[in-house]
């Protein structure tokens, strides 16, 4: 599954990596992802999840996507319940500890209708990092001795270190077909700026074969150049830039809004008894039926949105 | 030369890594470095070089130090000429292209009195990165086929990748005894903030077994916490914090001052004809004779200092 | 134990907080670990440094604004440094973490933790959320585990090792390639357990006030020895409980 | 060539700048490469992206404020992004660089560059500054080399390969483990050279105005073939020279 260097280079070389504007709609961006692609999701857990992009993939009717992410929250429930993906590679998967174990995840995984492939969190990160660095593997001292390792043993290698004789695991590079990443700011070329928590979104854009960025705000290239320290990945990794305010809702976006906690409660409640029916109703109401992402936000409710925004903006208050 | 994991862990565990104030003088900090230590130098070329710390090491009469750095400029000339170190591991070594090839470097290396061990720039970075990550090596696709590789072949390994069959070099981790790093801001605990060019100073502090930070300014811990994005290495890697305004002079410190170009011209001129005598005179005047670092700066001259400062502060003017 | 003026979760959080000395660097998970670490910071360990998996070094949690996981912005309040996830986890591998602080669904006599599957992993009766950073923490650092003491949680052999303890005991952990770390304290609402230095079997190190070794054994699915130095812990103080309750006014984690 | 209205260094910079198409990502060293890339940005390639070794992505150099190397803050003017050195060099390995742009002290018929030693490396008559990022650029990307055309610089076989070209020709580069990149244009003040697709021997692709193939051969220490498609380049325009001179008013690099 590790891609050869010749292929990696050829695929990168074949892309148009020139400086050009890439601003498009969510629907156009969804068109860049093909059925069967491996899609890596930026952010982590309930933070900077590219929910609007996932929403667009559901509406576009994508099928057989494989997803990977550092930690998966209710985005994974949406993926399984909507049918856009049947496999998620991640280190942890549940809506969140305060809501108990995700019933949707359990329902799909325990029935064998979907797969949750588990790696340790650092291993996920090192796999992306190897992909980002253009090498086939990263050495690691984690996962040894555990069943986490045993279940994915066919995908990795163990070696005796040629320098120290120590046992080491070699974790296979991950080069996803597409990474979808939500950021605070991005220019029309794709120079993306992150504030606060970076998660794996410094390695992910370089590991992936192309990147779709959704941004709270598209800013001018001049503004990017005034704060080059905050640019966390460069334009030439990026294929599409979409401006989507509240593009992580009902998850959070650092400095802008916290999770929409009441909405998350409702989702958990709705899917608790009958995960399939509950998730179906949720998808109908918030994914298929709305006229637009703004309509979806409206259905979540302005009250929740303002509460989340108040929390989000208070980050440096103390 | 690659340290075993047991030893690396034991050495780290033995250190006092608790949150405590570490502010001291240059002289006290120099006392933390022992004859024979491997000292890694932060910054790169003529940028954020910890010159005041090197000045203190010269005055303290340290001997037999081995140095490593991404790229070495006139700091290397000072090291060889002063006799504090006889070996420098780096990727490039000369005062700067505009001054021609360093006569001091040539004189000491060509006479066999000192050693300049050469690795590619990325290889230096990957060696520090392996050290920072706590693994014995990093895989790399560079340096193959070259004499740069052949001259250090005994220190590295070549493997056939167990995933792809491709040839790869495994570069040995570098865990220096001490890293000396100059930064824009640091708190009394050692939380260090960098602006602009980071060079290898995100990996170096973690690769090293201890870190001595010199800072343009010591700021409060509260101020650090107001901009956690700019903190580039954490306090527990740090053993000493020294406040040294213009601590990189006559090299530059991003956003504060550019190189003291006239002074650099003078150094090149002084060492051009007779490197040994010229460097000796320079050391006497700027290293041994002054009463303090401020006295050394005074001898460089307020005019040069203000010119460099004017340039340094203009970074975002355009 | 009916005269308790605190819940089992509160007892757990208080006992766990006491295990954290000032000056340590603690990698903390959400729930009890986060509460216990924050409680320690506010009582006896103002210089305790917390690391969160989301890429956070040295934060202070704001009372009443507990983060829903260790990956949201509430985790970053007053942080000293924010960095990528992979890099904060690599601090474990580099040896910069004194204590990894985990919760767990199921633990066995050698301190192996399961948080992935109940039943056969190929056909689980319950798919749990999985390792997250748990495996990395347990593989690379000394570990304190805080969990409820129930027989179904303390089992002879976990069905699946998510986070490695001493594997099959003796030197099997080291033989597997794990050269550092390992569990050293299991803190529950009944007792504090440690591990025999040679066999690596779990044993009782301390009992909470009013709890007997027999009660602990009754709630444990394997035989527990009692350490020679076993003692009784002090009951939670009013101050400890007051600060704890102020941290979690909605009683999200303290029950 | 006595009627030249420009220096050899100016000719070199102009010819090199023309080789850079708009939209490319160029990893540029200091000196002629930096000047040529900046010149291209200001003339025909406004969307040219420059990478500097110091950790700089997409800067615009300010005329008259040329950086002394690619590691000082003058390199960062109007940059899109700043990142660690190792990460900017890893962009080469990941395949994100279209052209690596090098100078060189000495080059041989297979495009191998020496910038480390004159004479026996164990007892050099001159220790040169070494590779810097040159080896990485030459190992991992397609390379343009810009240098003065002198017989002592164009040698049959370099004494030391700092930056690998095609090694011993044929497929020896690939056999050594270098699967990507390689030199494709050598630009001098006399001519532009390329490499035979099979043998990987250097050959003349274009001659600058007024220069003959014989003159180039006279200044080369090995036999040069002439490509079938060889042509003559256009003389530098007044505009090219004016912009170039404005960039380097102190004539640091343009002589």
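The chains carry the letters A, B, C and D, assigned in the order they are written, with residues numbered from 1 in each.
The definition used in the following text is that contacts are C-beta pairs under 8 Å (C-beta built on N, C-alpha and C of every residue); 3 or more make two chains touch, one makes a residue touch a chain.
Computed from a prediction, not measured in an experiment: that's the story for all the values here.
S.K.: Chains touching chain C and chain D alike, please list them.
M.R.: Of all the chains present, those in contact with both chain C and chain D are A, B.
S.K.: Among the chains here, which has the CA centroid at the largest distance from chain C's centroid?
M.R.: In terms of C-alpha centroids, the chain at the greatest distance from chain C is D.
S.K.: Using the touch rule from the top, work out which pair, A-D or A-C, shares more C-beta pairs.
M.R.: Greater number of contacting C-beta pairs: A-C.
S.K.: For chain A and chain B, what's the span in angstrom between their mean Cα positions?
M.R.: Distance between chain centres, rounded to whole Å: 38 Å.
S.K.: Give, as an integer number of Å, the spacing between the C-alpha centres of chain D and chain A.
M.R.: 40
S.K.: Averaging only over C-alpha atoms, locate the centres of chain B and chain D and give their separation in whole Å.
M.R.: 29
S.K.: Could you say which residues in chain D touch two or more other chains, in rising order?
M.R.: 76, 78, 82, 90, 93, 179-180
S.K.: Any chance you could list the residues of chain B touching two or more other chains?
M.R.: Answer for chain B, listing residues that touch two or more other chains: 5, 134-135, 140-141, 166, 168, 196, 228-229.
S.K.: Considering only which chains touch which, label the overall pattern as line, ring, star, complete or other.
M.R.: other
S.K.: Can you work out from the touch definition every pair of chains that touches here?
M.R.: By the stated definition, chains touch in these pairs: A-B, A-C, A-D, B-C, B-D.
S.K.: Write out the stretch or stretches of chain C touching chain A in their complex.
M.R.: Contacts found on chain C: 30-31, 53-56, 60, 62, 65, 68-69, 71-78, 82-86, 89-90, 92-93, 116, 121, 123-136, 139-140, 160-164, 167, 172-173, 176-180, 252.
S.K.: For a test of understanding, state which residues of chain B touch chain D in their complex under the given definition.
M.R.: That would be residues 44-47, 70-71, 73, 90-94, 96-98, 101-102, 105-106, 109-110, 112, 116, 118-123, 125-126, 128-129, 140-148, 151, 158, 166-169, 196-203, 252, 254-255, 258-259, 261, 311-312, 315, 318 of chain B.
S.K.: Can you tell me which positions in chain A touch chain B when the two form their complex?
M.R.: Touch list, chain A to chain B: 2, 4-5, 134-141, 157, 159, 161-164, 166, 168, 170, 172-173, 195-196, 226, 228-230, 316.
S.K.: Show which residues of chain C lie in contact with chain B when the two form their complex.
M.R.: Residues of chain C touching chain B: 22-25, 47-49, 57-58, 76, 78-82, 90-91, 93-96, 98, 179-180.
S.K.: Under the touch definition given earlier, write down the residues of chain B that touch chain C in their complex.
M.R.: 5-6, 8-9, 12-13, 17-20, 132-135, 191, 206, 221, 224-225, 228-229, 231-237
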